[in-house]
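Each of the next two complexes has chain A plus one more chain, namely chain B in the first and chain C in the second.
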Partner chain A sequence: MDKLKQFTQSSLMLPLCALAVLLLFNAIFVDDFFTISMMENGNLYGRPIDILYRASSLIILALGMTFVIATGGIDISVGAVVAISAATCCLMLGGDISGVPEHPFIVAIIAALCAGIISGIWNGTLVAKFKIQAMVATLILMTSGRGIAQLLTDGQIITVYYTPFSYIGGNIPGVMVPTAMIIAFLMVCLVVFLDRKTSLGLMIQSVGINPTASRYAGVKVTAVLFAVYIFSGFCAGTAGLIEGSLIRAADANNAGLNMEMDAILAVTLGGTLMVGGRYYIGGTIIGAITIQTLTTTMYAVGVSSDRLPAIKAIVILLIITIQSERFKELYRNWRLKKSKEAANA
Partner chain B sequence: MASNESDLILEMKNIDMFFPGVKALKDVTFNLKKGEIHSLMGENGAGKSTLVKVLTGVYQKTNGSIRFDGEIIEPKSPKESQEMGISTVYQEVNLCSNLTVAENIFIGREPRGKFNQIDWQTMNKNAKQLLHDELGIDIDVTKVLDFYPVAMQQMIAIARAIDTKCKILILDEPTSSLSDRETERLFQIMRNLKNMGISIIFISHFLEQIYTICDRVTILRDGTYVGAYDLKELPRIQLISKMMGKEIKEDEIEAVVDKSVPEKENFIETDNVTVPGKVKDLTMNIKKGEVVGFGGLLGSGRTEIAEMLFGITEKTQGTIKVDGVEVSVKSPMDQMKNRLAFCPEDRKLAGIIGDLSVRENIILAMQAKDGMFKHMPRHKQNELADYYIDLLRIKVSDREQLIKNLSGGNQQKVIIARWLATEPNLLILDEPTRGIDVGTKTEIEGLAVRLAKEKRMSVVFISGEMGEMVRTCSRILIIRDHEKITELNGDEISTAHIMQAIAGDYHGQA
Partner chain C sequence: MPKFLSDLIASPRFSFYVTGLLFIILFGIGSVSFEGFFSPQVFLNLFIDNAALIIVTVGVTFCILSGGGGIDLSVGAVVSLTCMSLAYLMRETSIGPYTSMFLVLFIGVAIGLINGFFITFFKLQPFIVTLGTMFLCRGLTAMISRDSVPIDNAVYGELAFTSLEIGDCFLSLGACIALIVVVIATIVLRYTSFGRSVYAIGGNEQSARLMGIRVDRVRLLVYVISGVCSALGGIAYSWIMLSGYTLHGLGMEMDAIASSVIGGTQLMGGVGFIPGTLLGVMIQGTILTIISFQGTLSAWWTKIVVGILLCLFIVMQALVTEHKNRLMRLNAEGSAKKAKKAK
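Showing the complex of A and B:
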């Protein structure tokens, strides 16, 4: 009983419920929603797999975003960094029709990740060193990032014919699970490791709650801020590889478009507050999956893609309202009144 | 002491107050007469601030009744109680740090001009006038509040409270960071208000002040009501006994702790160190196993010297040597590696990480020092936290309680624990006993001396309370205008000598 009570009050409660409701809706209204089957080539197939697969990039971005938001900051450049990363990778591989890469695949991957990290260093410098407000600081790269990606690809959409490139966004031959899911899983492991086995989590939260006191306690505030933006850049770089591979091309204008907003939403859905402080990795992951489930559900019940954002907004508004302190307070008062009435009767 | 019904401006009866998991007040009674100064006393965490907050509507009582000025009231918010005529200075100064001094004083009741626009000029002029007339301080009221130290912020909060018309004035530890001069000034104001028939609730851990200014006292222990007494009829020692709930003897409280004999070896030396506007040409040393005091008035630069030593501010001139070796000091971490620790004065701004647990607050400095990858296993963290909770008798429901939910004095203890945990060679304590109850205060003073003696730890003790420094320090540096003017040693240390030295009339034997 105590366990149950603990659970209902835990921060994971809400995002989990939201997800559960969505899944229930699907179970009732969408045929064969939960069926997972194996295709001829041995790959797994089905809606749940599809959701996790498509949520992978979002999960990765949201992980980086969680740390950033926990320090009291925000990184709205991640969508653009996805485009930069994708462009870098495609540029390195080249668009040769014969499928011969210009540079070895591994070099291209490292270059793309480096592009993400460099973007992170840029953001980190502005926020940590020059103390520019995070929203403004990352806005710079958000607006210029796609331009940079254009420059990299010379304004063209480079299409890559090198087959292994498609493995990242698809399946590695002989592996049942989509590669993106594996990458997302590894990133989750990395983040859980950082959270549990290092004191990074303590430092991040401490900086997010009270930077002055943190400094007095010896926490290297600047270094912590730097670290979270670099990590966010790295996450965006990784997501860029997946997004680029999905369409096998560098599309500077559309790769990762609006993904920063979904990432921020995933983090807040997960219970981490925008003012910084306590963060919830588990919540973030569930938040990201919820957003993707919502999208998939809408498609499944035939909502056209131009109406999708509106419906998404309504659902999210609902969830965020239920989560808000004010609402919780109203609910508490209501409960209190009920119990008082019961006591009087 | 039969109190006539109509004598009472305030009657609080059978007050209960719960926090999730904690019963902070149990069946508390509190009566306040018209025109009296009434003290609330009790150990840290006894429930004094909570009782005040129940009265002002910050918290809602679970049970009981409040009768104010003949009517039953149910204050729902601080604003409501303010409008009813209850003016409050809370323990944690609750002003807006990024507004100007004048704005802070007049927020919500700004003087208006012809077109209902805020009349800034009048506002600034009135603020300046108010601070000058009432409290005798002259500062630039157009500067943001953050610019001034805690003590000044406290004065500003007081000015704001007394400037609004009220029937009850509540002061929750207003003097904790004030010097004697400002305290005297405040008492003058309190006496004037009392003569005007205003009732005052005054919370403080300074017995001296309680006996000087208050008429009656209500004592709380562990959230329960012990009794209300006339101070004239209650000897100090009995008051303390009632607070602690056990019989104690005089010498246990006022005992002058045996001073350690300083050794010859220096731990830290500074040579002509200057920080522009903060520290002027400072040459001094601190020996191993010695307790050194910094004496001086408010704003004399004691805290600034401590901050320089710890690397919060960077020197522009001079050298600092630790263990005889010159060190470069760019950040607190540099000095933490040299085994320095600094317990800052401003608890809320520079001390606590409010939304972290007591455990996390205790291990923070140690963990920062060890670096990110030397993560302390959870059971070690728990052990360490429990050890210090026990050692310093920190009143918590459990170690995972958020530090912001502790009483002021207990927060202070957690910060001291944070630094003790780093096992420093030099511990700088800036007003360590601020807001700490009498019993624990003696313990902390004793702890400082014991650490020096047994572990050869050097301690810097900064306190506005002379008596405390006399009890603990074997040497006192006198600071004035950011400069060291003299030193007092061993037997010449006395309250009188310190005051004379600060005034420049005594130059020490050496």
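Showing the complex of A and C:
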């Protein structure tokens, strides 16, 4: 009983409930929602797999975003960085129709990740070194990032015919699970390791709660800030590889469009506050999956993609309202009043 | 550093002067490089083409000025929703164009009230709330119609082509409204108690509250103003597009924020000047005009140039703030020394 009470009090409770409600809705209204079947080529197939697969790049972005938001910052450039990373990878592979890559595949992957890390270094320099407000600092890369991606691809959409490139967004032959899911899983492991086994997690939290006090306590605030933005850039670079591989092309205009907003939403839904401090990796992952489940559910019941935002907005406003301190206070007062009435009666 | 320069940098209008200088330089570059660039009509076209963005940016500037992470991301979506509603009202119902325009203004009021209510009552982050309403408005627009709906009302079309003749040149109705909005906003922010309250709560919310300013009411009103400005911007936008479509005004919120920052508004709140914001929009417009005169460069160069400008302005603001802090320290030390001597 105590365990149950502890669980209902925990911050993971609300995100999990939201996800559970969505899944319940699916179980009732959508046929065969939970069936997972094996396709002829040995790949797993089914809605739950589909949700996790589509949520992979969002999870990866949201992980980086969680750390950034925990330090009290925000990184709105990740969507543009996704486009830069996808453009870099496709540029390195080249659009040769015979499927022969211009550079070795591994070089292209490293180049794309480096593009993400360089973007992170740029953001980190502005925020940590020049002490510019995070939102403004990352706004620079957000506006110019897509322009840079266009510059890289020369305004064209480069289509890559090199087959192994499609493995990242699809399946590696012979592996049942989509590669994106494996990458997301590895990233989650890395983040959990950094969070639990090193002091980095503690440092990030202390910077988010009070940077001045942290500096006096011996935390290298500049280095921590620098690190979180570089990690966010790295995450965006990884997500860029997946997004580029999904369509096997570099689309500088649409790759990762509005993804920064979804990533921020995932973090917020997970219970991490935008003012920084305490953060919840588990909540973020559940938040990202909730957003994707919502999308998939709406498609399943026949809501078109351009009308979807309205329903998404209502659900999100509802969840963040319930999470807010004011709502909890009102709820407590209401409970108190009710119990008093009961006592009087 | 000479005293004159030091005073200039410390003056509250410094970023406005820099923005103005930059605008003159950019326009000068265009005039020298291209024949026919230096004409009054090209200058007036900056207002005509950016009428909607100017109106929207004024609203966003109010939000940013009010501080507390104040921002309005829903403006682009409200512009789209307004255009679509106008198109729908005039096409599917018998409501006249003037009544329609009056009605759609209430869309702005409603969205502003929703934003303001969630932000002030539930103490939620403006970024997340307005992100939510942005999604809401985009979705609602698609619910009215997924396809582009043309506006073919004759009276409305005439209105769109109404223009003010100034000598050989002309200024469209949208541009005139944009200029009027800028003038009103400047006066309100500078000379009314409401305007001063906006600066006060942006500068220091705690002090403002202790001074007796009703912070929540002012903030709610700020978001309603932003909503109405977006709706008005939407009407100006529909005069150019003469249609309603879900993708109208896409990314306008970021353009508006960028213009505001280039115009000298600080995202912390409490510092900003509406005419500077106007110049911010016109700088973006000038870059676009130069690119279209040049002919071979792609439009995405605008994005890169705007990014570089943003970067320059933000670094400049950081340096200016530091300079001011140093001056204040020096002053404090100076007066302390004087006090000692007097003893």
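One rule holds for everything that comes next: the second predicted complex is superposed on the first by the 345 of 345 C-alpha atoms of A that agree within 3 Å, B and C clash if a C-alpha of one lies under 4 Å from a C-alpha of the other, contacts with A are read in each partner's own complex, and residues count from 1 in each chain.
We take it that contacts are C-beta pairs under 8 Å (C-beta built on N, C-alpha and C of every residue); 3 or more make two chains touch, one makes a residue touch a chain.
Everything quoted here is computed from the prediction, not taken from an experiment.
Within the superposed three-chain model, A:130 lies in touch with chain C and out of touch with chain B [touch as defined at top].
In the superposition on chain A, contact of A:220 is made with chain B only, not with chain C.
In the superposed pair of complexes, A:197 makes contact with chain B only, with no contact to chain C. Contacts of A:277 after superposition on the shared chain: chain B is touched, whereas chain C is not. Of the two partner chains placed around the shared chain by superposition, neither chain B nor chain C is touched by A:176.
In the superposed model, A:205 makes contact with chain B only, not with chain C.
Contact with chain C, but none with chain B, is seen for A:141 once the two complexes are overlaid on the shared chain. If you count the residues of chain A touched by chain B and by chain C, you find the higher number for C. Looking at the complex, you find that chain A touches chain B at residues 197-200, 202-203, 205-206, 209-210, 212-220, 277-278.
Of all residues in chain B, only 312, 331-333, 336, 342, 344, 349-356, 360, 363-365, 367-376, 418 touch chain A in the complex they form. Across the interface of their complex, chain A is touched by residues 69, 71, 118, 121-125, 127-129, 131-136, 138-140, 142-143, 146, 246, 254, 257-258, 261, 267-268, 298, 300-304, 306-308, 310-311, 314-315, 318 of chain C. Chain A meets chain C in the complex at residues 74, 126, 130-133, 135-137, 139-148, 150-151, 155, 252, 261, 264-265, 268, 274-275, 304, 306-314, 316-317, 320-321, 324-327.
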